[in-house]
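In the two complexes that follow, chain A is the common piece, with chain B as its partner first and chain C second.
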Partner chain A sequence: MTLIEKISIELGAPEPWPSDVKLFQPYEAEQILLPDNANCLATQAFLKMCQLPYAVEPRPNAEAMSPTLKVPFIKAGRFVIAELEGIVQFVNGKDITLTQPLDNDEKSNLRAYMSLIHSVLEMAELYICWVDSETYNEVTSGRNGSVYPWPLNYIQNWNKRSQVIKKLKTLGWYDKKLEDVYSEVETCCESLQARLNDQKFFFDHGPTELDALVFGHLFTILTTPLPRSDLANIVRNYPSLIDLVKRIENEYFKK
Partner chain B sequence: MPSTDKFQLVLFEGDFALPAIEPESIKSILYCKIAEAPVTVRLFNSYRNCALYKTPPLLLHDKVTCTDSEQIVAYLKCNNFNIDRELDPKQRSECLALKNLVQSKLKPAVEFNYWIEHRNSTEFLNIWFMKCLPIPLNYFYTGNFRNRAVDLMESLYPNETDKDVIKEYIQRAAIDCLQSLSSRLGNGEFFYGSKPTTLDVAVYSYVAPFIKIPFPLNEMYNVVNMWPNLVNLVKRIDNLYFPNVPKGSKYIRLEDKAKTTDDEVSYAAIVILTLSATSLILGFAYKNGYLTGKIPD
Partner chain C sequence: MGTVHAKVQENLTEAHYPTNTARELPDKEQMKELDLKGVRARVDKVHIDGLSRTKNDIIQDSIQDLFKARDFWEVLLKAYTVRVKLDELGCFKNIAVYIDTSKGPKATPDGLEVTFNVKEHKRILGGVSTHVGNNEGVLQIGVRAPNIFGRGEKVQVEYSHGSKKTSNFNVAFIKPFRGKHRTMLNTSIFQSNTEYPPSAYKLMEKGLTLGLGFYSWPLLKHTLQWEGTIRDLSVLSRNASFDVRKESGLSLKSSLKHILALDLRDETIFPTTGSLVQLTSEYAGVGGDVGFLKNDVFVQTNYSILPDIVLQGSLTMGYMKSINKDLKISLADMYFLGGPLSVRGFQMRGIGPHSDGDALGSNVYWAGGLHLFTPLPFRPGKGGFGDLFRTHFFVNTGNVGNIEVKSGQSILELMRNNVRLSYGLGIALRLGNMARLEINYCFPYVHDKSDQTHPGVQFGVGVQFL
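Presenting the complex of A and B:
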């Protein structure tokens, strides 16, 4: 979270949720990639769970507009806040929270699982999109470059790819093989399923940002057509996670 | 079947009552101790042990080489040295999530304190590594560590260049994480009952350096001490698994001397400087004839 966000949370606290909130993200049909889409969807799910109105505003350069260089970000009145964590805190600052009934232990649990998803599912998605050459050539390069004219699309792709690879290298994911990535995802899904334990949501009393994040990632993995469908196949092995995704989709997105 | 062959573990040397100087090495040696795996430890401090051109920790067994702590733990688990065996699926799941939290929040804080904080890295750790490792390797590894830390900061905070701002984010994340861990641990002996698990291993290896290494600039020391139950966890693990690690230090003692003799060194320097300056002036004067050996009439 940046300093600007911190200030916006403090300053924006007393104001009610404005009616013209815009959520900026890349074009869903032509441009957006798996990890970005997952995060955008997670944020949308969170806002819907809080019953806060927003309008999606697709922009080709949403990533460059964002204060943290990551999508999605929202514009609420005078404030611009990026990424799910920042938005959750911004919303909490207005006394709207999904985690009110949780005790400290459960809150730390929630934080731990959110970091698990960020450090496993998101990395795996980045790996598939940018490192796996088949997916990169067939899907990622075309989509990521689609909004730029001819020579620029190659430059932008190359630029973005080297950034992602650097990130994966420092976090120890670049050296993994595809099978290792799949087994990491399996372990992650397994532990999510064990945590969910056939409940309706991760915490008894109702949906939280963790459910939103899980929904965002799993729904995107399940519905995005890729040359390698292994990730989706792995997720399909966990029926209670699929149920969760369906439940959230029906409850919040099909109205 | 437990394998009867011995495992070989290559580690960075330990100091300041730590079994190894950096977290990844600590993680692997602690795991081996808890799992009671039959390992022979080779310290990475001479040419003989440095011929592998890889960064410790390394585990050598038959023809298998594991090159990082995660692989080492996975390999040992495959060989039936599993310390998480008694956890039920739900606990195992929670353990994995908390381990990830530790990894993603505390690791940047450790790396920052080790290598980005200028005073710690140049005045302290650099000297330590320079003395510990033989000559070309000490430059190689310290440079490598620093680059890795810089890369980590850049990929975590891509549009932030101010070091102090990054430090603040990292410390805030670390405090959140320690808070969660402390409330999860409560008054328990370990995170899951009376036996340590991989979560305890991870917490120990990222918290102990803050407590034990006398960095010139260590704000995290006070932060960690806000949670006495985490400090006690570290002490408990020390007593159980590293009772014989020497408390003093091999390399810092030299440094203490260097520090206490700091003034004397400057005196010596002053004497040398004065002598050389005087002799230079005298020589110059003599050569140009201002000074002659003769006594004037």
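Presenting the complex of A and C:
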């Protein structure tokens, strides 16, 4: 997070949560991809856990509009803040927090698990969407290109794919085989399940942004129809994680 | 410009013909010595020296006219126009013309031989140059291959970088065709980056153009162009207005454009007489996701009240409308008004709708200017350096806005409300034969609350001014 972003969050602090907050994301039905959808859902879950009102505003160019070029982002009054972490800080600035009762150890634990999800689940989702040719050809290319006219859809798919591949290469994920990706996901789920340890949420006292992030990713993995259902099958092997997802869905999204 | 060398035998002068046509000759000194129109002449032969790559057919086309000359005056005139035509082919860096009497067994009594001494361009030319674009200095690096297939075809590659962070890369292929319409094919691939601080966005464009230029009348120039461009619009800073931010992203414009220009001015920078009329129509929406119909007019007319004192009036207007609800109109396509090149006394894009200080576009505009150009007071440096300068008094006016024309409402009526007006004076300087530099002291006289005015000293440099 750059200094400017921090300053803008600080400046926004004294104002109360405006009533007309909008959350911008791509079109859910025909455009959004697995990793983006997971992050959008996680942010929505977080805002719902904080009981902060917002309205979802689908835009085909949501990604380009975002200050970090990643979805989702919210517009609260004059402020435009992107991604879950930024939004969590912005909300904390208004003295609304889900992590108040946590001690410092737990807080650093929470941060560690959140970065685990970003560095494993999100990468695995990107890998499946953009590197696995079956998923790319049948799902990703069509959805990502759906908002662009011919021939821009092909150009944009190609551009975006090379960007993602470049990112995966630097993080060492591009050279992995599909099986390696699956085993990474299994390890991640195992450590999450171990941390959850049959509690209601990851931390005793109630839901935090970590629960929101896990919910976002796992719910999206479980419900998104893809030519390869392996990821969903892996997640189904962890009943307590599934319970968590169901609990959050029922509590926050079905009311 | 080359030189025309003429040698005429002494005994031909005024011997056979009385000088009754003398008054029509513009040059009085020449008239006393020789009446060129009275000297019968025909061209027996035309030599072109120095051709190697250039094909004969395009040269033959250019020189045909010369054989129709019937007196020496016509020979001179036509030799000059042929020289211009050869120069327009862009194949030669130097053209000299020699006219001599015809010699040899087949020579006719009045026969002349015309020799064009040409020097072809090298196969590859390159250069670094600086020039001025719209209110910025630009450094340009270019390489071109003139006359690549021997018929005036040209391939050029240019890269330019401006002082306001614009950059432009362009590869073009240009081919002139034979015929009296002077048709020219022009295709190019380009990429450009431009920043628009008054609107807080930057634009990256990549595209193709395919154009055909021709004259339907000697001075009436048409340009037909197809343009396919991918545009990536992004905000310049975090605190850009959300109205600009929501326009971010990619769009694909595919448009057909027709430009009609009639330029009767005696020169482009400080004309003293004549008018310029330019009509531009653009239809976007042949493919792509951008759709509109846009029509623009620019008229300028010049009138010398006294020698060296020129009154210039200009009027420009434009209207665009959406053609389809599914096709969008990007911020980059819209009209903006204000600034040192349009309505002076306002900031760049300072007139019209703004959001958090960032200029938003409009779909209609008009602007007019009345300018009085005079030489510098007391005329320092007359006949030399001082002639590059003009004193300049002006009144500018205009309006811009978003107007949907409904039935029963006249667009003129709507544009008459809230007209802006500014006046001022300054000094204008000619930069080469292309651009003009102005330093003005401006008084914005009528403006709207949301406008950004620029009273006082304003500096402008550019190619086309209001």
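To be clear about the criterion, the second predicted complex is superposed on the first by the 252 of 255 C-alpha atoms of A that agree within 3 Å, B and C clash if a C-alpha of one lies under 4 Å from a C-alpha of the other, contacts with A are read in each partner's own complex, and residues count from 1 in each chain.
Heads up, the rule we're going with is that contacts are C-beta pairs under 8 Å (C-beta built on N, C-alpha and C of every residue); 3 or more make two chains touch, one makes a residue touch a chain.
Quick caveat, the model's predicted, so the values are computed rather than measured.
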{"item": "Combined model on chain A: chain C and chain B, fit or clash", "value": "fit"}
{"item": "Partner touching more residues of chain A, whether chain B or chain C", "value": "B"}
{"item": "First, second, both or neither for A:Asn250, with chain B first and chain C second", "value": "neither"}
{"item": "Partner chain(s) touched by A:Leu171 [first = chain B, second = chain C, both, neither]", "value": "first"}
{"item": "Chain B versus chain C as contact partner of A:Asn233, first or second or both or neither", "value": "neither"}
{"item": "Chain C, chain A and chain B - angle at the middle CA centre, rounded to the nearest 10 degrees", "value": "80"}
{"item": "Contacts of A:Gln156 with chain B and chain C, given as first, second, both or neither", "value": "second"}
{"item": "Touching partner for A:His118 - first (chain B), second (chain C), both, neither", "value": "first"}
{"item": "Chain B versus chain C as contact partner of A:Tyr148, first or second or both or neither", "value": "second"}
{"item": "Chain B versus chain C as contact partner of A:Ala64, first or second or both or neither", "value": "second"}
{"item": "Overlay on shared chain A, then closest C-alpha pair between chain B and chain C (Å)", "value": "11"}
{"item": "Touching residues (chain side chain C, partner chain A) in the complex", "value": "230, 232-234, 238-239, 242, 245-246, 248-250, 252, 287-289"}
{"item": "Chain A to chain B touching residues, read off their complex", "value": "1-3, 68-69, 104-105, 107-109, 111-113, 115-116, 118-120, 163, 166-167, 169-172, 187-188, 190-192, 194-195, 197"}
{"item": "Chain A-facing residues of chain B, complex", "value": "68, 70, 89-90, 92-94, 96-98, 100-101, 103-105, 148, 151-152, 154-155, 158-160, 165, 169, 176-177, 179-181, 183-184"}
{"item": "Chain C contact footprint on chain A (complex, rising order)", "value": "4-5, 8, 59-61, 63-65, 67, 75, 80, 148-150, 152, 155-156"}
